[in-house]
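Next come two complexes built around chain A: one with chain B, the other with chain C.
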Partner chain A sequence: MRSNIHVKDKVAIVGAGITLFRRRLLETPRELAWEAAKMALDNAGLTLKDIDCVVIGTAPDAFDGIHLNGEYLADGSGGFSKPTVRVYVGGGTGVMVPIAAWWHVASGHCKTVLAVAEEKMSPAHPHPQGVFAYIWDPILERPLGPNLIWIFAMEMRRYMHKCDAKKEDIALVSVKNKRNALDNPVAQAAANITVEDVLSSELLVWPVNRLDISPVSDGAAALVLASENMARRVTDSPVWVEGIGFTLDNTHWYNRELGFPRYVNYAARLAYKMAGIERPWKEIDVAEPYDPFDYKELHHIEGLMLARPCEAPRLLKEGWFNRSGELPTSPSGGLLGVGNPIAAAGLMKVAELFWQLRYEAGARQVKKPVHRGVAQAWGDLMQAGTVIVLGN
Partner chain B sequence: MTKKYPGTYLKRDEMYSLPGLVRYKPTAKYSFSAGIAQTKFLEGLKKGKIIGVKCPSCGRVYVPPRAFCEYCHVPMNEYVELPGTGEIHTAVISYISTFRQRMDKPEIVGVVKLDAPGYTKESYEFAGLFHRFCGITEEDVISGKAIGMRVKPRWKPENERTGSVTDIECFEPVES
Partner chain C sequence: MSWWKPRSHEDVIFYPGRQETEEYVYTPGIHGKQFAEALIKGKILGMKCGDKFIVPPTTFCPDFSEGELVEVDTEWTVQYYTEVYRDLYGNQLEEPVVMILVQPLGWEGGLIHYLKPGIKPEIGLRVRPVFKPEEERRGTIDDILYWEPY
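Moving on to the complex of A and B:
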């Protein structure tokens, strides 16, 4: 910890758990939360008795169809008779969960935190996309009948224009991530596909085709975080939280340059500063940028300063971001390959870094030696950036 | 990684034949007030004008107007009329509706960067609106010709305006 931020305790991740990610799961939201929480505790060699505090993450209540979803999930997440809080920043929630868990421990308030993220999108009918209708501004946006994909298409179109990137350059992200997911036992959308498959899939909102987008999913993930003393007691290989950052822009997404994600860049700068990282493109060994859409991975790689603005498509084509490349991105398979149960998908990315930094990722382990990784999520109306830097 | 992961996958038909499956449709209804600043904007639209608001501290002109400057955190009361012209920042072609039904006729939508004082050409932020476009083709969007194109609002006839963002039918190229 090289920043001037005052902390009482260093914070480590000592265990992780995850359920299958699937289009529909039989289990209820709290059953999924319980499965992931139990697996994370078992992995850390702890029981619920050892946990001081609980942090829960779940995205809009409207997906699960239950308001107070955090409270509904609390017992499944182990939050029974303990200090328990739910955090929420839309799609950014999954990375906000370990960030909030970090401050619980860093402040000295708790020695151990169970961090659980869950999402069940399958209840929403006829299609969960309809639920997104209610995130738009009721006065200025809803009268125009928007679909959520519009906003992504607009951002992607702007990025393509600004960076002179082609649809086929961007489709390579989907190809890479779905291929990476073939080695992920919980993955929902793993596949060996080609750029041509992406370009010829159903056209929804030009320039977005169906295979440019991650699927709709149910699933849960969990981590156990602990203070330095506690972490050293329970494991020989703690993974340290070296930096965190989170920022929020306003809801006026049509009042800013859509080609570069300022909301991610500011959060990244905060996290790197805390971790003492000055040249992220050299000092980060593995990254899990948020990829609900394929262009978003490139956009976020640039926001995270892992490539210069507009440089990511070329590096991608050269194999820079492959698992065997210089800076592997989304070795898990990402949201495009593993699935997108919103909050759980973000936490899955942090769990993947935990496995990578412990050399426990099996067939997914990246080729190069790894010391430091960054995971990131983004949320709301092109607004929220959440970033976490981990090290071993 | 040979262990078994929890979670029981259901096929579509399996879900619909689950015992005790509950179907529920919420019937919540809302009425939204537009507030102080946006009401001025909507009143302007009814008169065929695009109204912004100027920050007394940094000089940015905001469209849509807000009651306070988010940078300077001061109140804003100086409403100004803008010419309404601008350029297309981004444009896309939608083939699906809000609830993902295929549309009979695709719609071109995007962001207009309006001509407004208080910004430089390089500014990250700008005065702008999300709206529909007309008079440009799908080919213009795909080729990139549409981006940067000069546009102006096409107003609904005065007697049909209601003080809604849809009082502007769409933004269309200036030369047409």
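Moving on to the complex of A and C:
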């Protein structure tokens, strides 16, 4: 069943680009944006003159340490003298960028869109975690000195309790993704590690150890999206945007079930409906769920309905989500392996699907034939879900 | 901050916010690094983009090609100016500061900086940079003290 959404134009991705993901890069944020954007344009065989509109994505200004970071990035993103907009939904921004680019084209407003996501987390000292201090309620929560890892530790614990999942089962995500990242030339945290390494790494906030978490990164990624006519003119293998969905859940994290990501589930249902997908666990061939923490990948796999609630840890152990498995997840290496420059990390996931669906992922190419993929990101105080379904 | 007048504290409970990011440490960028190194040597770099010359150098040209670093070898003139009477916090300055935008002749872009104190600004005024003593230069834009007419 296809949803009754009227679009003027089908939308395709025709090019992708990415920079190195590293802890601290020499490049300024706009130079990073430029490197990724230029690579995407070259990949699409287009020049900046061919681009009608620009969508920029970057998470809080406080990371780059530049207010109005979208405007600052505009020249490096090719946005001068063009309709340019910055979108921002926290960590969900990376997937919100191609969603916004989709509606620019689907509405008929633009024929070609350059979508750029950039994040430079290294400027904030002593640690970018300090930036997160201001996402909390100033009266009810901030005086307690919470940080992000605290609440995710609580969510992880809830998930472990609800699903009877062990830390060993969850650590396998980190092992898988870091290993996948060994084949990714831009990866920052690729490694061949064991479950034992994860469990014996430094304990940060129980039950979260250091290797359960993605690193702090600088980086950028970019896509070129085009209308159907334009896409068919520039490439023989466009990757279609078949469905998009985004939802905002309750801002208060204490009055909902932390064991199941409702924000992702609602967004996924919207995207699947648009794509005409009724049984995502069968119809999706490859997935890039958002994995800043290892349990989060399992959590999101369930939210995306690629596994039943609480079923993901068992499937993971059976190798279901490996690159050679039935439903490969994070073949790129994910945030755990490639790195987590927030907005750029989300867009990297969409770029990976683009390469997978064009069979251009090289050593990262999944074993099974691929027709459809889903990428997802999540942001804000655990409540923003953004989902995109691509097909070839 | 002179414009901020505290209210009565007695009937208000304050929830203090502490900025946890103590400082930002920025990287100069690819061209920016060489621009900074040139400042220490008392030179100003720009970039060549096709037949255009642009300052400051930003690594990428407006058309997204890669810019080529070149030294600015032409004379600079004042394009815009303004006089500042209060500082960032609203405090009266003893002497007004003249801010100028200087541009090399025939180039695009320009730099914002100070005019030498006591000089009357005018558009089109030919100026040159006056650098700090070499041992005090750090590769930042304030390695230039101000611009003076000649």
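Following the convention adopted for this analysis, the second predicted complex is superposed on the first by the 391 of 392 C-alpha atoms of A that agree within 3 Å, B and C clash if a C-alpha of one lies under 4 Å from a C-alpha of the other, contacts with A are read in each partner's own complex, and residues count from 1 in each chain.
In this text, a residue touches a chain if its C-beta (ideal position, glycine included) is under 8 Å from a C-beta of that chain, and two chains touch if they have at least 3 such contacts.
Since the model is a prediction, treat every value here as computed from it, not as a measurement.
K.L.:
Using the touch definition from the top, say if A:G78 reaches chain B (first), chain C (second), both or neither.
P.N.:
It touches chain C, and chain B stays clear.
K.L.:
Of the two partner chains, chain B (first) and chain C (second), which one does A:G319 touch, if any: first, second, both, or neither?
P.N.:
It touches nothing on chain B or chain C.
K.L.:
Could you say whether A:G276 touches chain B, chain C, both of them, or neither, answering first, second, both or neither?
P.N.:
A:G276: touches no partner chain.
K.L.:
On the A-aligned overlay, A:A124 touches which partner chain: chain B = first, chain C = second, or both, or neither?
P.N.:
A:A124 sits against chain C, while chain B stays out of touch.
K.L.:
Report for A:L204: first if it touches chain B alone, second if chain C alone, otherwise both or neither.
P.N.:
A:L204: touches chain B, not chain C.
K.L.:
Give one of first, second, both or neither to describe whether A:G108 is in contact with chain B, with chain C, with both, or with none.
P.N.:
neither
K.L.:
In the overlay, answer first, second, both or neither for which of chain B and chain C A:A37 touches.
P.N.:
second
K.L.:
Who contacts more of chain A, chain B or chain C?
P.N.:
Between chain B and chain C, the winner on chain A residue contacts is B.
K.L.:
On the A-aligned overlay, A:E27 touches which partner chain: chain B = first, chain C = second, or both, or neither?
P.N.:
Both chain B and chain C are touched by A:E27.
K.L.:
Going by the contact rule set out at the top, does A:G45 touch chain B (first), chain C (second), both, or neither?
P.N.:
Neither partner.
K.L.:
For chain A, which residues lie in the overlap of the chain B contacts and the chain C contacts?
P.N.:
24-27, 65, 122, 125-126, 129-130, 133, 138-139, 143
K.L.:
Using the touch definition from the top, list the residues of chain C that touch chain A in their complex.
P.N.:
Touching chain A from chain C are residues 15, 17-30, 32-33, 58-60, 62-64.
K.L.:
Mind pulling up the chain A residues that touch chain B in the complex?
P.N.:
Interface residues on chain A, with respect to chain B: 18-27, 32, 35-36, 39, 65, 122, 125-127, 129-130, 133, 138-141, 143-147, 149-150, 153-155, 157-158, 160-161, 185-186, 203-208, 218-219, 250, 252-258, 260, 262, 362-363.
K.L.:
Which positions of chain A touch chain C when the two form their complex?
P.N.:
24-28, 30-31, 34, 37-38, 41, 47-49, 62, 65, 75-76, 78, 80, 122-126, 128-131, 133-134, 138-139, 142-143
K.L.:
In the complex, go through chain B and note every residue touching chain A.
P.N.:
1, 5-12, 14-15, 18, 23-24, 30, 32, 34, 38, 42, 62-64, 70, 89-100, 109-112, 124-132, 138, 141-142, 144, 147, 164-166
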